[in-house]
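Should a chain be cited, it is by its letter among A, B and C, assigned in written order, with residues numbered from 1 in that chain.
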Amino acid sequence: MTLIDDDRLFDAEPRARGVARALYAGIRDLPLISPHGHTDPGWYARNEPFADPAQLLIVPDHYIFRMLFSQGVTLEELGVARRDGAPVESDGRRIWRRFAEHYYLFRGTPTRLWFDHTLASLFDVTERLTPLNADAIFDRIAERLQDDAYRPRALYERFNLEVISTTDSALDDLRWHQQIRDSGWPGRVIPAYRPDAVVDPDFEGFAANLDRLGEITGCDTGHWAGYLDAHRQRRQFFKRLGATSTDHGHPTADTANLMPKEAGMLFDKVRSGKADAAERALFRAQMLTEMARMSVEDGLVLQLHPGSWRNHSPAMMDRFGRDKGFDIPTRTDYVRALKPMLDAVGIEPALTIVMFTLDESSYSRELAPLAGVYPALRLGPPWWFHDSPEGMRRFRELATETAGFYNTVGFNDDTRAFPSIPARHDVSRRIDCAFLARLVTEHRLDEEEAHEVAHELAYGLAKRAYRL
Amino acid sequence: MTLIDDDRLFDAEPRARGVARALYAGIRDLPLISPHGHTDPGWYARNEPFADPAQLLIVPDHYIFRMLFSQGVTLEELGVARRDGAPVESDGRRIWRRFAEHYYLFRGTPTRLWFDHTLASLFDVTERLTPLNADAIFDRIAERLQDDAYRPRALYERFNLEVISTTDSALDDLRWHQQIRDSGWPGRVIPAYRPDAVVDPDFEGFAANLDRLGEITGCDTGHWAGYLDAHRQRRQFFKRLGATSTDHGHPTADTANLMPKEAGMLFDKVRSGKADAAERALFRAQMLTEMARMSVEDGLVLQLHPGSWRNHSPAMMDRFGRDKGFDIPTRTDYVRALKPMLDAVGIEPALTIVMFTLDESSYSRELAPLAGVYPALRLGPPWWFHDSPEGMRRFRELATETAGFYNTVGFNDDTRAFPSIPARHDVSRRIDCAFLARLVTEHRLDEEEAHEVAHELAYGLAKRAYRL
Amino acid sequence: MTLIDDDRLFDAEPRARGVARALYAGIRDLPLISPHGHTDPGWYARNEPFADPAQLLIVPDHYIFRMLFSQGVTLEELGVARRDGAPVESDGRRIWRRFAEHYYLFRGTPTRLWFDHTLASLFDVTERLTPLNADAIFDRIAERLQDDAYRPRALYERFNLEVISTTDSALDDLRWHQQIRDSGWPGRVIPAYRPDAVVDPDFEGFAANLDRLGEITGCDTGHWAGYLDAHRQRRQFFKRLGATSTDHGHPTADTANLMPKEAGMLFDKVRSGKADAAERALFRAQMLTEMARMSVEDGLVLQLHPGSWRNHSPAMMDRFGRDKGFDIPTRTDYVRALKPMLDAVGIEPALTIVMFTLDESSYSRELAPLAGVYPALRLGPPWWFHDSPEGMRRFRELATETAGFYNTVGFNDDTRAFPSIPARHDVSRRIDCAFLARLVTEHRLDEEEAHEVAHELAYGLAKRAYRL
């Protein structure tokens, strides 16, 4: 295996590299904890072989097609479905070749690291992908995917996953999760409660979603109290199927803490469809605080992923729909935005809120100072565009001195790209070991302590923070 | 002494480390200039032994109790007094043990560096603090604190302090400073003029404070002109006791430059208690410009510490009062905010304004460009959450290329933790030497020049900028 | 030549340095592409000797006089002309001596790197400039400047420039460019279309400028359609003289996309001088989108340089006029600001927009995500205050993982300091090689690939992005 080096991502300086190697050797075989991600629970339930290489590795990966699109490749050429049903490329091999022609674009990006790691470790590829070897590599992967050892459950085991969380709509019946449980397979696949469809008045079909929420729960979602009860019921249902967390993707980190009467009136207005933009935003803000209060009661960990401007290009949204690479970060305030929620529940010892950001300027200015004092707050790992070697390094450099290591929560792979999960955890483990090695060589940490911390960052913190 | 390594904070790369060592050797024994801090002048005046180890090293240190609180230790358990007088832990040994149990939380933080340095250099401790050795270390410190060599004046001398500034209310009678002067002890302890209590309409007891200011000075603080005169008098009083600077802690960096008549009307409204939030903010903004004008007259250096959201948690404020770890940085604008003041006095060669920030994004975008052209502006060292190895490194990397070294002012320890002062200066000196060593090994600076610059950063710049 | 080291700006670590050296050796002799800058086309046309050393190297360089001014040297002492015609220093030797006395202020700044490189490589100076050798160095430079080998065209050839773009007012007759073409000299000096004077209602003499634009083009610039046609004509004129780009320096990155009728009404109001500040800003915003539309038609690359608060000090503006060091960066939004333009033309494959910023917090949060998906967007190199070793390193670290290398456009020297052009390109080439060397030693990129990328960053990307 020469495609990926054993010392990748470690400092070149020999002493630092030596320490990093030693630290990494102590954690490389630890099981993977995957407390937040987007794999499809149906995969594990049905356990069917994956489709061809392009459909598995290229077509669903927005990191890949956004880069290719930026350089003039159309999404149609990459097989991304159009909303109008117009034909798109359906030949996996041609999609794969197109990708191989443009693979050089990923130099210096995490996609390149993940992809090479996947090719090397999962498919025993030993050469960098090029137009010349594209067909041969395609054939090898296609062949392997027919092998039982490449079915979802086998990969889960091969990846040494200890637990993996999916992310599921509040309206989901979780039947795949039920089916996995019923199957007797010992893999631990758990849901996470993602209520955007019934919390965000701007979500498509919001009113109908609330009706549906009422039907499922038997609660009167026409009124505030019944609506809150419906959430409580659904959270219990998710918990029974293993959930330990909720997840919230809001445009901002705004929270609110209205009096119950005011909140009820706001709900009525939002429910009626007559709320204006400010009221709809206020409702989302209020619901974060309500979710946090429920978390104090039921112990589900609250994850907040704010600050993405979704579907920035209306032309692309019209043509291809959501999640097609046009989500762009925005400047995000936390200090003012979180205050209403923190005033309500910020010093509750029973509560864990995991904060994410797409605005790195907030690490040292806002997030580390907040997480470094409020018992309810923890810092999630570098997210999305920042889930990368430089992004992780900046996170440690910017957050550790104020929040320490122990107010962080280890790694999230946060991906729907199942085959890349080991590669993603590996990058995180290596970068953390490299960071710790620097602290050791600069005499800021003993090597013995660094081994303990490395273990926590790779395994312990995620397990405890997410109550797994 | 094995607790702290002689090469700590230097790059691992041998050539860079060698240069850093040589630079550091040239400055390590320079006297400490401490132009801004919060030690108690009564300590030097009374020169009594310090209380037990916990009361000296743990209880007053908000870096320490904020981290412990974030991980579930209550402030009561740490002996922090409650406003309602309810009992809190009073046994220093138990507080010390609790700290030792949680000492691992500080891995990767500056507190760890300062604490180890203090234990090693002041108390000859040779092992990392753990629950197992906590009692023995407590006993050793407690014993030493009874020794005359550990009284405040002896420590001042041992620390090789050349001068230390306290920070004092405009209403303070400075009797401790007078008493130090009268004592014949040659240590140089000087006050700094901090007028928040009589400048900020939101300060507790503002109106009464203005009355008191009038009594002290004999000026009519019921009117704008008399109020300004009272400031002038108090500044002269502070100068007579050695002050060379003023200090201003505002929520923002806003300044204003009203016509005198408008300013007088604003004062009347603020004085009457009828000013709204915008008017109170405008008054603070106007007073920065007034203070700058007085600095042109009397030569006191103006320090501005903006951008902290004080007492972010009302629950903690109610229970424990100010300065309990819940001050959180906010995004801070300088370019627009400082303009009225800079338009008035920014190119005055006689004026020195030292700017601080808690918003690191402003270093390269705003502060270095401003200080790199306005003769009145200088950049203060990394402040508070950024007074740390990575914070200092970022400051040099982000500010030097535009502002140079000579528009910065050396180090401030800015602390009330007296025993940690040498440790704090040592971190700064080492990080600066490491930064300079990088410039030397990358052939961006000659080693001979780096020696000169290291001397300036450790000693000369602070002395000249603060006119000491 | 001992003033500048052959390994300058490379990491000290031997393996990284070795790789950087090898990469640099492969590109150091590539021709310089200078697609954006501010040299005077008259220099190449007239090809007369440059004036004395101070007039060439000190007086016109705002990096130099801003730093000296910040430390108490007046602009008059540096020979900068006053608007009131009052006398300023005119003796080049005295200006040079004053600069030499203060040369230490530039330690750690890019000016120091550029200046030393220029002295060493162009004038064979072997010692750092000091007050002691100032006269001798002045004399040597003065002597050389009389030599034909130091005339503008000879320097262009010596610098190995392949093409250089100037920046020219939309109203310019481009006669120097015509004269260069007519001269038969094979140097490629091309204009760029900078229409601020006829696009920005706040520009001095805006109405008269529009009249002049009408006269030049024969279009009716009293109406919207004629005004747009006049732009089209001028762009064609610039293209005929070699232009491949336009350049736009707006206070913000705001764009707008009004209906034609609304735009016409806005134009009428702006034309009449009755538009308020918001309308004037909206007009600038609208014109960016109009310029982008014209770029789709005529293929000129659109450069946007937003976010500078021009002439921050009114006192200095009054005394010395524009461009005297008092332009200060401001926080700049792109995600919301560019949306109207991107909605209109962002996915046009024929369009290239090169984005610059003075707000480094936008690299990873906004610019790299936008350029990493919109086909029309590319990232310009670090600009102005960030055109420096640390600034370039941050740019690569912050932008590459999301935008890759291939959505960037190589280097711009962006200078009117002609003799420093090789030095500026050299810094960029070295820092890029050092960055690539780190990727290689950390096994994130193969050395062979790094050679390819280094070539692109030094030459290929600029040439293709700017269509040269």
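The working rule: a residue touches a chain if its C-beta (ideal position, glycine included) is under 8 Å from a C-beta of that chain, and two chains touch if they have at least 3 such contacts.
Only a predicted model underlies this, so the values are computations on that prediction, with no experimental measurement involved.
**Student:** Count the residue numbers both chain A and chain C use at their shared interface, divide by all numbers used there, and answer same if that is over half, different if under half.
**Tutor:** Interface between chain A and chain C is built from largely different residues.
**Student:** Once the Cα atoms of chain A and chain B are superposed, what angle does the rotation have, between 0 and 180 degrees and to the nearest 5?
**Tutor:** A turn of 120 degrees brings the C-alpha atoms of chain A onto chain B.
**Student:** Using mean C-alpha positions as chain centres, tell me how far chain A is from chain C in Å, no decimals.
**Tutor:** Roughly 40 Å, centre to centre.
**Student:** Provide the list of chain C residues touching at least two other chains, using ranges where the numbers run on.
**Tutor:** Chain C, residues with two or more chain partners: 11, 13, 361.
**Student:** Quick check on the complex: what are the chain A residues that touch chain B?
**Tutor:** 11, 13, 15-16, 333, 335-336, 339, 342-343, 346-347, 349, 361, 364-366, 368-375, 377, 397-398, 400-407, 438-439, 441-446, 449, 452-453
**Student:** So in the complex, which bits of chain C are touching chain B?
**Tutor:** Counting only chain C, the residues touching chain B are 4-5, 7-13, 66-67, 69-72, 104-110, 112-113, 128, 309, 312-316, 325-326, 328-331, 358-361, 385-386, 388-391, 394.
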